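Each of the next two complexes has chain A plus one more chain, namely chain B in the first and chain C in the second.
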Partner chain A sequence: MSVTYRPVGWTRSKIVYDAVLLAGVALYLIGFMRFAPRTRLPGTLLDDQSLAIRAYGTCAFLLLTLVLMIGPLARLDARFLPLLYNRRHFGVITCIVAASHLIAVFDWYYAYSPLSPWVALFATDAAYGDLRGFPFIPLGLAAFLILLVLAATSHDFWLNFLTPPVWKSLHMSIYAAYALAVGHVAFGALQDARNAGLPALVVGGSGMLLGLHLAAAWRERRRDRPAPASAAEPDWIVAGTVGDVPAGRGLIVPLADGSSVAIFREDGALSAISNLCAHQNGPLGEGRLRDGCVVCPWHGYEYRLRDGCAPAPFTERVATYAIRLDGRTILLDPRPNPLGTATQPLAIPRETR
Partner chain B sequence: MTGAAITVMLGQAWLVAGLGVGVAFLLFGLDRVDASARGAYGFRPLLLPGLVLLWPLVIWRWLEATPADTQPSLKRRHKRAHAAIWSGLALGLTLILGTGLMLRQHDVPASSSVRIGPAPSDADE
Partner chain C sequence: MRETGQDEFFIGWSGKAGPRLARFLGLVAMVCVAGMALVGFGLGSRTDDPAAGLLRLGERDAAGGPVRPDDWGGEQILRGHLSRIGYPVLHLPPSAAHPRGRVMLLSGDGKRAPEWSGQAGPVELRGSVLRRGAIEMLVVDGPAKSLDDATGLSPAGREPLGRWRIAGEICDGKCYAGAMRPGSGVAHRACANLCLIGDLPAVLVTKDPVAGSHYLLLAGPDGGAPPALIRDAVAIPVELEGEVERIGNVLVLRLDAQRIRRL
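What follows is the complex of A and B.
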């Protein structure tokens, strides 16, 4: 980052996003408390505390499933990108709901223990050798700890402090949290679920999530096949043709070393910059053009096409690349220019436009 | 002392150490490692939970005493890791859920309510 940190960089869209999310959470909790008892037989009615534990627990699981769907949905269909922009607040709210579940459990099951509630929590349920009655509480606690670490490191400071690769690796532990949460539910609440609601939520949610992530990974794998080298000049690669550059967006060119370049067309000229945003490696090639800058679709970071630098007062930079035309074919030098190198946009001859 | 008590004690020690490191970092380290933090105070309390939880990582980065690398990562290793992780999760989640569903006690009937009261006497008939 290059400007002074603020607690939260509020924008109108973030306020709307958070308001809708919080309203959804409130509606779910109220609805669950009101309608869940009607689905149970009179002899199996739950007390209010147990009902609240289940309301918070299912809400946290649902939120975790939904927040994990946003990434692959945005990869598969650009219309879901707005959901991605404020995903960190979604994660923090998920953590708060999960914390409410934990507090409700403490208040009900451990409030009257002669031991410290934490010792009691770890002391109960220690039959790890038996699948029937497998201790599900530690699984949920481990999932919650991961959510807590991720929520606590969601401010941009952490991204800068830990460096993007370390921060991203840390935040990929959310997948482990999901597996632990599924285990927590599968060996816990699912065992005495009296209706089809919880099995449907867990099996359906996990299944949809798996399908979306695998579909997104498959699509990325196909798209990331490296561009071929030019026959005439092996040091350059064939990036595509002028017609391949979509209007208003970038042509993404995968390179053999795993990186990728985005080629944009603006005012009848072509420019090439790294496809990876300096913030969180978002795909710049899927971003919009605005006033000579590419706007990252993930968090709105901007870079000038001519030199890859963010406009003042920001200081982020991405690499530019040399390109040239062979007829209508775009040739790209896969070696990045040093950061901050200005390049002249490559004018497209009128006859090849 | 039980395993549970030792676990809790270790957790408390971790948090106490983290609190010390976190407060010291906010007072003496933050301005040195990140220029964007200079003159910004409102966001600092938000950092404390992360500093407490991840204090070994904080010490490591603090001792490096260099600003975060501004050269962006050119390779998307995480994309490859993502594909591998979700292939593994396809198997893992199926196993977890399959086991959980198999273990369910399907045949336990939900009890219906029964009115409890004195047995009907002959006089009532």
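What follows is the complex of A and C.
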């Protein structure tokens, strides 16, 4: 959390995260370009430039696959949540590796020609009429441009400027970039693949990614069902029972409009705030209560339970909601209070605790 | 969802993680770093040999595998007759190895034809030779030095071989001869098309031998450069049709532009 914009708000966690990531990228590239060629049969003719193109390209694809795995992994196992914390640095590093691939291609395949590489990029492979030999380079270029836009807008300035819903929607285009990258490889290098390495990376990586997303969606399908309306008061919904609210954590209640509310219990009383963090729509209901504040599990943003406001000097706010008890049943008014509205925690009668 | 314990909740800016979570994250970090190193090494050691790019096509070596490009030759000075068969070529005098005469494709620097490609007649050229099996290209360095007609250097003899329909892959003669490795396959298509745009010779590398040859120089029906639409058919399996002519040790396909078919 920060009240001012800085290029990077470094923390120990981010430094360790980036160091691990850069070590992985460095070892991948060194292994690919320096050590692996020593094991190849004598007489192999692959030049260093083509080897570098393949090294950067496969590394970018692997990084893109891994960064997209973090979301569903964190949904399936909360121990992976810390990997979400610095995912934007992961994305920027992926973009830099993809840019290295593009530059290596420019410096080799598009070099030594009287035609400008930028003109050649669109003029040398334009047979769109047939899936056999479909131009794969524009697919890769489109994927890179998406990565570039996402990297350029990854800073919190753009998050606040665009607002979290718009920023989040924009950054969901990472999936379009991945689909384009798969098409780029499938219509390109895979067409002439003679061994199983590249097909295993592309088919195995994208298959695993799809499987993780389906598994996460399957796990959460029940949680995403909107809570039923109260029979006695149709404007209110049945959020659950007092016993459903775990100590120190939130009960997440899906609403019919696709949003959700998090109900917390503290000192024998219940309070309800939006489940969506004002920073990046992180799930506050999966956070923890600390000193009367809900801590977002994604980036540690904090909100007071009684009014949904971040403690000073921070200014983020989320909505609070009205709740009441019908015996042990918690009823929730799905209409949010205006931002900053303080609510009185709903005391739980001793006999219903 | 599997949960961590209450005391294990991670807050990124705090820089602290519970001991169990820290151990788990350390394990994940080690697996990721080691996994990336192994995957990089594995993919690098299994990267396709570009000489296998046309496994089904082209000449075979003594072991039955695809013929590989020779290393770049040193600088040579060659005397021959310069003419244009679709592209500028140099006709070298007949020899024991090439009794019909030896025709060498020509290239300038990079993806460009020689700057003096409009010139014709007896010349002396300086440059390096690229060779992959029977296909030979002289990468010319410097101007063409005109020679007297009295040198007796003349174009190789021509022999019409009739109309053929031939399956293969269109490549650019320079990269396929060994300038780029790989010089074939769809990943190389943009590079090959840049060479063709630069007026470097297009060749058809064939699936089956045609009159003993596994490659044909492509030309237009009138003997000029082949039509630009062949660029859409580069680096994919195609079937071409046209008149074939033997000129020295090289076959030339005078391409019928209406008879280009993707396979």
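Operating definition for what follows: the second predicted complex is superposed on the first by the 334 of 353 C-alpha atoms of A that agree within 3 Å, B and C clash if a C-alpha of one lies under 4 Å from a C-alpha of the other, contacts with A are read in each partner's own complex, and residues count from 1 in each chain.
Definition applied: a contact is a pair of C-beta atoms (placed from the backbone, for glycine too) under 8 Å apart; a residue touches a chain by one contact, two chains touch by 3 or more.
Computed from a predicted structure; not experimentally measured.
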First, second, both or neither for A:157, with chain B first and chain C second: first
Contacts of A:194 with chain B and chain C, given as first, second, both or neither: both
Which superposed partner A:132 touches (first chain B, second chain C, both, neither): both
Touching both chain B and chain C, residues of chain A: 1, 40-41, 43-44, 120-121, 123, 126, 132, 187, 191-194
Footprint of chain A on chain B - complex, ascending: 2-5, 7-8, 11, 33-34, 36-40, 42-43, 46-47, 49-50, 53-54, 57, 61, 68-83, 85-87, 89-90, 92-93, 96-97, 99-101, 103-105, 110-113
Chain A-facing residues of chain C, complex: 1-4, 6, 8-15, 17, 21, 24-25, 28-29, 32-33, 35-53, 55, 68-69, 109-112, 180-182, 185-191, 193-195, 197-198, 231-233, 235-236, 262
In the complex with chain B, residue positions of chain A that touch it: 1-7, 40-44, 116, 118-123, 126, 131-132, 148-149, 151-153, 155, 157-158, 160-165, 168-169, 172, 175, 178-179, 182-183, 185-187, 190-194, 199, 202-203, 206, 210, 213-214, 217, 220-221, 224, 257-260, 274, 276-278, 281, 315-319, 336, 339
Complex contact set, residues of chain A against chain C: 1, 9, 11-14, 16, 20, 23-25, 27-33, 35-37, 39-41, 43-47, 50-51, 54-55, 58-59, 62, 66, 75-83, 85-86, 108-115, 120-121, 123-127, 130, 132-133, 136-137, 187-189, 191-198, 201, 219, 248, 286-288, 295, 297, 299-300
